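Shared chain: subunit A. Partners: subunit B in the first complex, subunit C in the second.
So, the complex of A and B:
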């Protein structure tokens, strides 16, 4: 503690900093979630629905890349990025991921929404780590008067490293999952050794999440149109229990019917495939490029 | 029970394609759904399976495809029991189309869905590509092949499911309610497709006129027993039998004041005059300010699709209004906006009060809606709780709740059903329960979205009787012109989110030509629109 450099900050200045930070977040939230729903007479999109393969019809080198190599390469990149320990290198990784997103022609609004969905979770690191990091000799501490609580700059740096790395990896999901149709991506994963059953489940889950949400939405509408409003009481719990139970029963019924429909069309336990993969020299080159960049960052990180 | 009539005239010497010997079946913990079924279906047969809701039609169809196969030794296809290798091989030849197209479309693109069967049949990639192209072109969906099923309209999904079956080039086609919830245009497409189908056709439907178009032989099921097995003309010429099996559609001809002119249908007894719409209520309401008024009302879906485009609409108290239009025309979107589920742009005035973001949430007290699929509004464990749900939300006294629940169940003829589980009830009973759960709230407006879809004729007749007794403003969304003519005074034709035409149902539907079309409920909407414009040139 005695070896740490202490700076005293006025409480009003601290409140101002918190207010500015909050305003910044609110601005991002507004941009991300209200842009599409701002026009009157237009419903907001459901940001929590995992839509995959959205930009598969666009053209970029990510789109033409052999899916198997793309998955292996970008996953390796993400794995190596997660090992970086310096904030500056994590920031570089973030910029490289941003470049990849731009090359993949991802719409800015969707990227913003993806990043905003993470802000709540990542903000916790920025708010908590500076106050909870173990103090080491040489740490710079800021004391907010009149409190005795110390704001550790090394904790902030640690938090920023985590935030940058998480953002860099999350951004890379766009070129990874949205530059090829989902069935092709899943088939690529299967070729890389992911069990077929998991792949089939992923495909069907993605297909039926929309049907399930549609059913849930209609049932919820049915309840609201008979005056149901969620409250903090036992009656609400009971009604929600019925709602979830009914959804479950309907889902089980649907599962049975879908399985029967599959059997009726000759399903024998394996999904037939029609995509063929053929990796070219260019695909292999790209395949080594991304892990190579991540390795370079790791190398610089270790020497920093 | 009357004497069972198994048509001896249909007996043939050739070996049957399907043969069922004394088949009985029950679902786990349930009652017998099929009882001692004896049936032969021959190559090239075009067989209609009719019967009231819950009579075992779908269960029988699933047996023919080996999906329900508790006793395989009782079902023979091409002379061999439907088991193991023979079953797997047979499934490539027997196409089965389920009622709900979402059950069929389990892949992430339409192309994959249609290719699923041919690839399982061992077709090569090139062959599959050609087959998919051909099947999708047949149902007019080739431009949508890369779309996901959830991006298609209901009618498109239904056709896509049919394409997925046709792609396997089945020699036998089994269809379960292929026309439910489809508009007349989509029904015509399906009829044309099926007319050109060369193999054995087995079709389940409540729509006897549709069945008559595509089938020659009829099988009537009641409570799991085959009651009749004869030609479809014989079936339609036997009114007593139709009534007994809940298939009597003669009430439909009562509006037309005449017998309809098809085949051997002269048995149908009809009233001399069309039953008048409840105009008295309407005239009383017209002297007052409108109950509902929409001005320049629009709504756009999140994906950018225009749901409603500049709608101007006035509805007076006591009026009965019909919304007509093809699938995706915006009828259900308009209904959702009127109930306050969707909030559009423009002006919406209800009972003299402008509806804003705040008070649209209280519209449920005055506007009730019956959904297309009544399962969407039934979520309680018993019928009594289902009907009482809305009343409890209004915090009415227990005694009042009890009285209203009792009255509502009485009105929809569901007395004694208080403790029954809604999910276990038949389609018709569920629909009536949905009405009870809405009308007990005593709304000023009742919106009904395709209320007769999936109901057997008996259920339709009862439904019509119940809603005719309701003294409230009603909005009916339907493709069924008979119901519209019978029940509504005014009709609005919608197209691509816009109200393209508004006129009285009398102008629209009442003359000799229409009478015939009404019974067939196969009138072209463009024709209606033209007629409407002629009567209201401005």
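So, the complex of A and C:
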């Protein structure tokens, strides 16, 4: 551990820190699940797909912004933010994104859902990196006395940077995708160079998710009525395998009917759209604002 | 099983975007024009199937199904996975928009390989089909997990332990995926054998 600054920590303090951390996670867990409450509610929660691109009645400048510029601007903001390497700058990015969400007036519950979806993956970094980060000269280490484990503060900082950046980018998804109907957003992506085929398929796949979700829910209800309960055993896996198989058979059959219906309505490989785009000076100004602020953060980040 | 935003260095983010765009374009070319809408509909089915949670002791894991996607869709599988991951990231925040390229590589290439191994390994008879399906499903998930670990390690030397842990944590998932793939193939073999005889994709009847 050469030049690394070492601090020795009492075991009791370590336990206290762990307790505080678990309390924090319990809080997040409670926030995420208190709406569904019981175990039955959680079972339902797993068959839930949030709707994206639902225009809220509350309009903001994000809603009036030219979709092409909005996508280009916010996506470059996200890419630039992902290059930040200091925790404090990442925290600033997080606050800026939070500001954007507040300005966009998208429902807070959706934001919370996004944040909780990431906790599992991100907590892995918080829990592992402080102990696994390679010890370099100048690192501050905290030793927890009865063990030989060293808690590396640089590792913790690294983990926090990742968490803040991930949250900052995820938050930006709200103004990016929830301030215009999804077809308009996808149309904008197409104008920016995403192949038309991919855009078309994304819209179709999105539409049929809710059709198959309905089907899956009905099948699930039927299975529960016939007494099926999930357990950790072979029988459960066999039944779930059949469930997936049944869902696939029904969907393949449906693809044929969907395609025939599309042909009957004059489908020729393209979706007609009526969206027209018009970018005003204000749109361009906004378009430069977000990457600009991200660039500023990056500049400060490299100077730090 | 999805890498979130803010983890990968920008070089990996952009590089994997470029690679997955090329692979998606290849996948589109390999899919007949009339099968593109059908592939989109199948993508939604796989999306919903991946919402199935399998209990594993005190917790539960959700299905990934890269193997089955590869077996059912053949060369169109990459496109399907790319779309599915895009929708998962904008709807659920599983993965992320900036890490979409990396996640598509992680899941898409193993799926293509699974479709290929299934076609090579399958022999006459139900048991042979089940074994080929289970092997391909397990292999695809194992490779996806390996890709996850490698991508995490690409973020820097500090991430080696995280990569190893992510790999270890997914070992039970590999077994579950293998068994589920085998069971699904067994079901399809009994109920709709036509799905498994076709060579490139299910949709070309």
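List of remarks:
We take it that the second predicted complex is superposed on the first by the 287 of 304 C-alpha atoms of A that agree within 3 Å, B and C clash if a C-alpha of one lies under 4 Å from a C-alpha of the other, contacts with A are read in each partner's own complex, and residues count from 1 in each chain.
In this section, a contact is a pair of C-beta atoms (placed from the backbone, for glycine too) under 8 Å apart; a residue touches a chain by one contact, two chains touch by 3 or more.
Model, not experiment: these values are computed from the prediction.
Look at subunit A after the overlay: subunit B and subunit C fit there side by side.
Contacts of A:262 after superposition: both subunit B and subunit C are touched. When the two complexes are overlaid on their common chain A, residue A:223 makes contact with subunit B while staying clear of subunit C. Using the contact criterion defined above for the overlaid structures, shared-chain residue A:232 touches subunit C, although it does not reach subunit B.
Residue contacts after overlaying the shared chain place A:279 against neither subunit B nor subunit C.
Between the C-alpha centres of subunit B and subunit C, as seen from that of subunit A in the superposed arrangement, lies an angle of 70 degrees, given as a multiple of 10. In the superposed model, A:98 lies in contact with neither subunit B nor subunit C.
In the superposition on chain A, A:198 contacts subunit C only, with no contact to subunit B.
Taking subunit A as the reference, the larger set of touched residues comes from C, when subunit B and subunit C are compared. Using the contact criterion defined above for the overlaid structures, shared-chain residue A:124 touches subunit C, although it does not reach subunit B.
By the touch criterion defined above, A:170 reaches subunit C but does not reach subunit B. Using the contact criterion defined above for the overlaid structures, shared-chain residue A:242 touches subunit B and also reaches subunit C.
Closest CA pair between subunit B and subunit C after superposition: 5 Å apart. With the contact threshold set out at the top, residues 46, 204, 206-208, 211, 215, 242-243, 246, 249-250, 254, 258, 262, 267 of subunit A are in contact with subunit B in one structure and with subunit C in the other. Across the interface of their complex, subunit A is touched by residues 62, 65, 67, 88, 91-92, 94-96, 98, 100, 102-109, 112, 115-117, 119-121, 125, 128, 146, 148-150, 164-165, 168, 298-303, 336, 339, 341-346, 361, 364-365, 368-369, 371, 373, 375-381, 389-390, 392-394, 423, 437-438, 441 of subunit B.
Those residues of subunit A that touch subunit C in the complex are listed here as 46-47, 49-50, 52, 75, 78-79, 81-83, 90, 113-115, 117-118, 121-122, 124-125, 128-129, 131-134, 155, 158, 161-170, 173, 176-177, 195, 197-198, 200-202, 204-209, 211-213, 215-216, 230-232, 234, 236-238, 240-252, 254-256, 258-259, 262, 267, 269.
Of all residues in subunit C, those touching subunit A in their complex are 2-8, 10, 13, 24-25, 28, 33-34, 36-45, 47-49, 51-57, 60, 62-63, 65, 68, 72, 79, 82-84, 86-87, 89-94, 96-98, 157-162, 165-166, 176, 179-188, 191-192, 195, 202-203, 205.
Remark: subunit A residues 36-37, 39-46, 53, 57, 181-183, 203-204, 206-208, 210-211, 214-215, 218-219, 221-229, 235, 239, 242-243, 246, 249-250, 254, 257-258, 260-268, 271-274, 276 touch subunit B in the complex.
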